[in-house]
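The data blocks that follow each hold one structure.
Common to both upcoming complexes is chain A, partnered first by chain B, then by chain C.
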Partner chain A sequence: MNTTGSNGVMQNAAAVYEKSRASFNNFKAWVQLDSTHLSDGRQLAVKYFTVAVILFFAQILFGLLAATQFIFPGFLYEILDFNVNRMIHINAMIVWMLFGFIGSVYWFLEDESGAEIVGLKLGNIAFWVFTGAVTLVVLVYLLVQIGPGKDSSLWFINEGREYIEAPRWADIGIVVVILIFFYNVVATFSKGKWSGIAGVLTLDLVALAGLYLAGMFYMTNITHEQYWWWWVIHLWVEATWEVLVGVIMAWSLMKLLGVRRKIVQTWLYIEVALMFGSGILGLGHHYFWIGTPEYWLTVGGFFSALEPIPLVAMVVHAVYDAGTHAFKNGNHPALAWIIAQAFGNFFGAGIWGFMHTLPQINIFTHGTQWSASHGHLAFFGAYATINIAFFYLAIQQWRGNVWMGGGSQNAWRWKWALGLLNGGVLGMTIALLIAGYEQSFIERAVEGSTWGGYFTAQNHPSFQHAMGWRLFFGCMTLTGFILLVWDLLTIGKGETRKAPAIIEN
Partner chain B sequence: MIEPVALEDFFITFFSSALIILAGASYALLFAWSKVNPNFRIKIAAYISYAILIISVAELTQAAQFQGYWLIISFVMAIGYFFAPIGIWHLCVKTHADQDLIKIKEDI
Partner chain C sequence: MNETPLWASESFWKKMAIWVTAGSFLILVVLTMDSLSKTNAGSKRVPAYTVINKKIDYQYDKTLHKSMPIIGENEFLFGKEYTEEEARQWVDLGKKTTQAKNCMNCHTLLGNGAYYAPDLTKAWLDKGWISRDMREDMMVKFLMDPESNARTYGSNRKMPNLDITEQEAKGIIAFLKWMSSIDTNGFPYNFKTIEAEE
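Our next item is the complex of A and B:
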């Protein structure tokens, strides 16, 4: 390369860099967020929240691409295939929720322990390593879509297991990052003070890191393979994540509504007992059709029938609290998203789950769009909502604990974002429910799970229409997301009133 | 051994399953509300919800062809959904021992 050419490239690169820096500075001046309001620990938390929001966008984007391919199968064919879009859609969801949960824990860690985070530097390094690894994994998914299934592909390209496709090096990285996170939590509580919330959180993190290991080894028998794979998929989601959300919710109820610690902790223990009591052996409903012994039909059916009980407990407790407290709170969007969590969890996990969980009907519904319908409402209702509530808690403090209650400026934005996101997800859920019903009826029951039955069901008008409606409601979800981001960047800007300090009742 | 749901019973199976959870939650909600606001009509509404739950359990039992030990699930749902809200209510009262509106109303 000649000197003039390389100088030109350098100058262009410098110009692009300067332009980007200027744009970033303009953006910072526009959002007017002041990090001096946040402790170092909370600054780390908002880094996690920022990446969570970006990955939330990736989830919606790749979901929309996959939804479009259901209607136009030739769309992006051999450029960005359906299997890749679906994989990134689901992986992005899992990872953005993890980023959100880790961020939420870092957010309350110093407050709860009364001490500064012990390994803050390590925590920051882990954050950048995790973010870099996720970026690299997604880039590899996109750039190497097809290739031979060798040991090297397992280590560097794609592990090939549904939902946990990350290559082995990234798996190891995830465990290391979770261990650093675990160290930070335990060491910080040890330096400061322990509490019931701290104890439950610590035990839950042991399970969170430990169970992931079950998805990192292979067995040659497909039944054994699936048996362990479900430990990650089911036990993460229906046990460790639920408990993690219980911990996050417990802390936020104290801070948002001033509920007494003793009450919150007692109920956290009760909920954990109910969750584990029903959720661990509820795992059996995934063992119905993978070649495990027949007793799993009974175990899975029985414990699945018990799984809605913690949700019913929540209903009774909510009414009790509503009868004894007049809700006064200075962060309406966060409270609204927490209420959305209670409803979303009840409908998505409780009703949509139980409708098709008993083996007598599940024999026809498993693996159809019915599962996708349940998955969309349950994941959004139980997990996305609590993360969004925390984003609003964070932004309030980032602006210096400003008033975000009644009479706030531009409150329509968060209300519309709430309505569009919930309406969009509910619409997709119902569209997928119709598609799943048709599939289980025609493909499974009438045509006996044959290839012919599969295609008959896929081409049936009710399936096709349902896919059209799913795309429509997916676009509604995207609109809600854009509004949510706009609101998060602007809410409380220019607000001079301070939120009142919430004290325990 | 399980007997898969018959084709004509698909809808009733989904519908009765969903109704069990909905009626269970309505019963829990109305039961708790009748404690906070001791009104006879709310209590009656709670028991109507429970009656709907029982009918739904019976429908599901028939549609899903429960037999033998599978009938235990129906029995547990019928008993469990009745007593769970009562038990949880007592837990609420005990864990909030020194807060009072409820106590006052119950005393009345």
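Our next item is the complex of A and C:
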């Protein structure tokens, strides 16, 4: 009985395997992507991009589930509770952006250094280890969800700390993977040639990897724990990630528009000075209310108020360069997303951050939907956009450097994807901002932040309406995403014209 | 004539980037050492864990223009006075449990986390526990069986059952009581505690 049973299972498994192999082959025949167009290094980059797109989908999907629970609290109650959905929503985001950044760096590493990637095999192993670990972590999030109040829960299930929930074993894995990536970057530049871009990138990666260590310790004292936790979160997303984006942007402006190296590198140094000059001590705006001394109100308020300045510089840089080159470029969707990045970063991270960064207003907005509003526009504007630009750069080369112009037959797809994604995220941002205003007034200022006050604000019609609009714009974002994937898989298919050569001037 | 002015030269900005970054980081390190030493458990801003043996309140100070934690006479938790080490163990169990149960992805702690459920910074002092006599018992029951003891305030949003044991529930309460005694520079503003007169 048992043997026949297991035989049956084996046969079924084999059939499923055959079937999925056949459909994968059909898919490959349909997309007509030719990997011989890519160097080995770039083939590694597109692996990272592929996983990034899948995780981007997970981010949107679990965001929509959580958004639905705000309107129908009984939805998936005790099956996939809000905390699980929200954790996967934000973790998928952090990880897909990291995958995108690593992919982007691998994408330009050989071009920038003039040498082949030194540890390509190691890089490939790291990719599969990273992807496998992420899959396992997400499965545990979904199936195990929580554990008892013991160290083992923090080591193997989740650490319960917003953004860096990954269990401790995965933390160690992430550090190893980042170190392999770092080795590849440094060794490849050492073998080829160094440049200003290479130097900034290397130092930034040292900081990025080193800072992660600050978040890998358990502490009973919540003030100390949140102190180090912000070292990771803030100094990643408001300092080292921004500089990394500056590096990626510098390289892509040279390639897309033919901007001279001297110009992009000078701008890069200015951006680093302004970014680290404001962002490092701007960390203080997270130290207003966690028990830390009062001087942080002044230090954090002052320096974080300066944080938009480098973002203005980045807008000027991107728009001015595009303008002086009369927008002549070889990849229209990529340039459109680069411009979206410049403005999205400035508005999302700069303006939306500035609006509630001073302690006099932050005491009312801290921990309300105001933060969620800022988070949505900032992460999308600063980081999602530049990764999407690189997806387009990659797909163009994958098809053999074909023409990708705004006038092409199916160009409506990328234009609509661009519009729907940006419109969807902006719509969510505005809806959440309205909810945040309402909470700040009613829950915080009037009701004094009690549980009763919290729910008075949550039950208010303007909050409820805002949650409805947020879900609506979330669906719009999903539509834009689906269109984006369709476009990425089809753009340039059957196109025979080559992209025009961009000459540095 | 064609010389690049200093403000536009690559090498000037390269040096600037290095000095500004190094300088800012150095200041951050100094401030970090100072902040950590001023926020050890047992400092003025972050009380020792034995504060769970005391009555805690949070009152508006007219001269400072903000609310400050007030630590009063003895008010034992679960009717027992704890030693330094016992108190630390209770708070530690509670803190670890809040992480293992992923509380932070619905609630905020010190204002940080998610926004699906109320802030826990001063949860120990919340009027929602009706009176000081009922508070401990209500909190244990709520944490162990939040479905039957739901506190939805008309929102239909219920905390799910997180398999919290009685021991863990008591730990969480000790942690919340200790956290409510931290000097948070007046956050949250205008908070009226369970002790406040109507």
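Basically, the second predicted complex is superposed on the first by the 489 of 505 C-alpha atoms of A that agree within 3 Å, B and C clash if a C-alpha of one lies under 4 Å from a C-alpha of the other, contacts with A are read in each partner's own complex, and residues count from 1 in each chain.
As a convention for this text, contacts are C-beta pairs under 8 Å (C-beta built on N, C-alpha and C of every residue); 3 or more make two chains touch, one makes a residue touch a chain.
From a predicted model like this one, the values you see are computed outputs, not experimental measurements.
Contact with chain C, but none with chain B, is seen for A:Gly277 once the two complexes are overlaid on the shared chain. Applying the stated contact rule after C-alpha superposition, one finds that A:Glu165 touches chain C and leaves chain B untouched. Contacts of A:Ser440 after superposition: chain B is touched, whereas chain C is not reached. Of the two partners chain B and chain C, more chain A residues are in touch with C.
Judged by the touch definition given at the top, the superposed model places A:Leu311 against chain B, while chain C stays out of reach.
Using the contact criterion defined above for the overlaid structures, shared-chain residue A:Gly344 touches neither chain B nor chain C, since it reaches no partner.
Shared-chain residue A:Phe364: touches chain B and chain C both. With both structures placed on the common chain, the touch criterion links A:Thr450 to chain C but leaves chain B unconnected. 262, 266, 270, 294, 297, 359, 363-364, 445-446 are the residues of chain A that lie in the contact sets of both chain B and chain C, per the superposition on chain A. Residues 66, 69-70, 73-74, 77-78, 81-84, 86-87, 145-151, 153-154, 157-162, 165, 196, 200, 218, 220-224, 226-227, 262, 265-266, 269-270, 272-273, 276-277, 280-281, 283-284, 286-297, 299, 359, 363-364, 366-369, 371-372, 439, 444-452, 454-456, 458-459 of chain A are the ones touching chain C in the complex. Looking at the complex, you find that chain C touches chain A at residues 8-10, 13-14, 16-17, 20-21, 24-25, 27-28, 31-32, 34-36, 38-41, 45-46, 49, 88, 91-106, 108-116, 118-119, 121-123, 126-128, 151-158, 160-163, 165, 168, 171, 179, 182-192. Interface residues of chain B facing chain A in the complex, by the touch rule stated above, are 1-5, 7, 10, 13-14, 17-18, 20-22, 24-25, 28-29, 31-33, 35-37, 64-66, 69-70, 72-73, 76-77, 80-81, 84-85, 88-89, 91-93, 95-96, 99-102. Within the complex formed with chain B, the residues of chain A that make contact are 262-263, 266-267, 270, 294, 297-298, 301-302, 305-306, 308-309, 311-313, 315-317, 319-320, 322-324, 346, 350-351, 354-361, 363-364, 437, 440-441, 445-446, 505.
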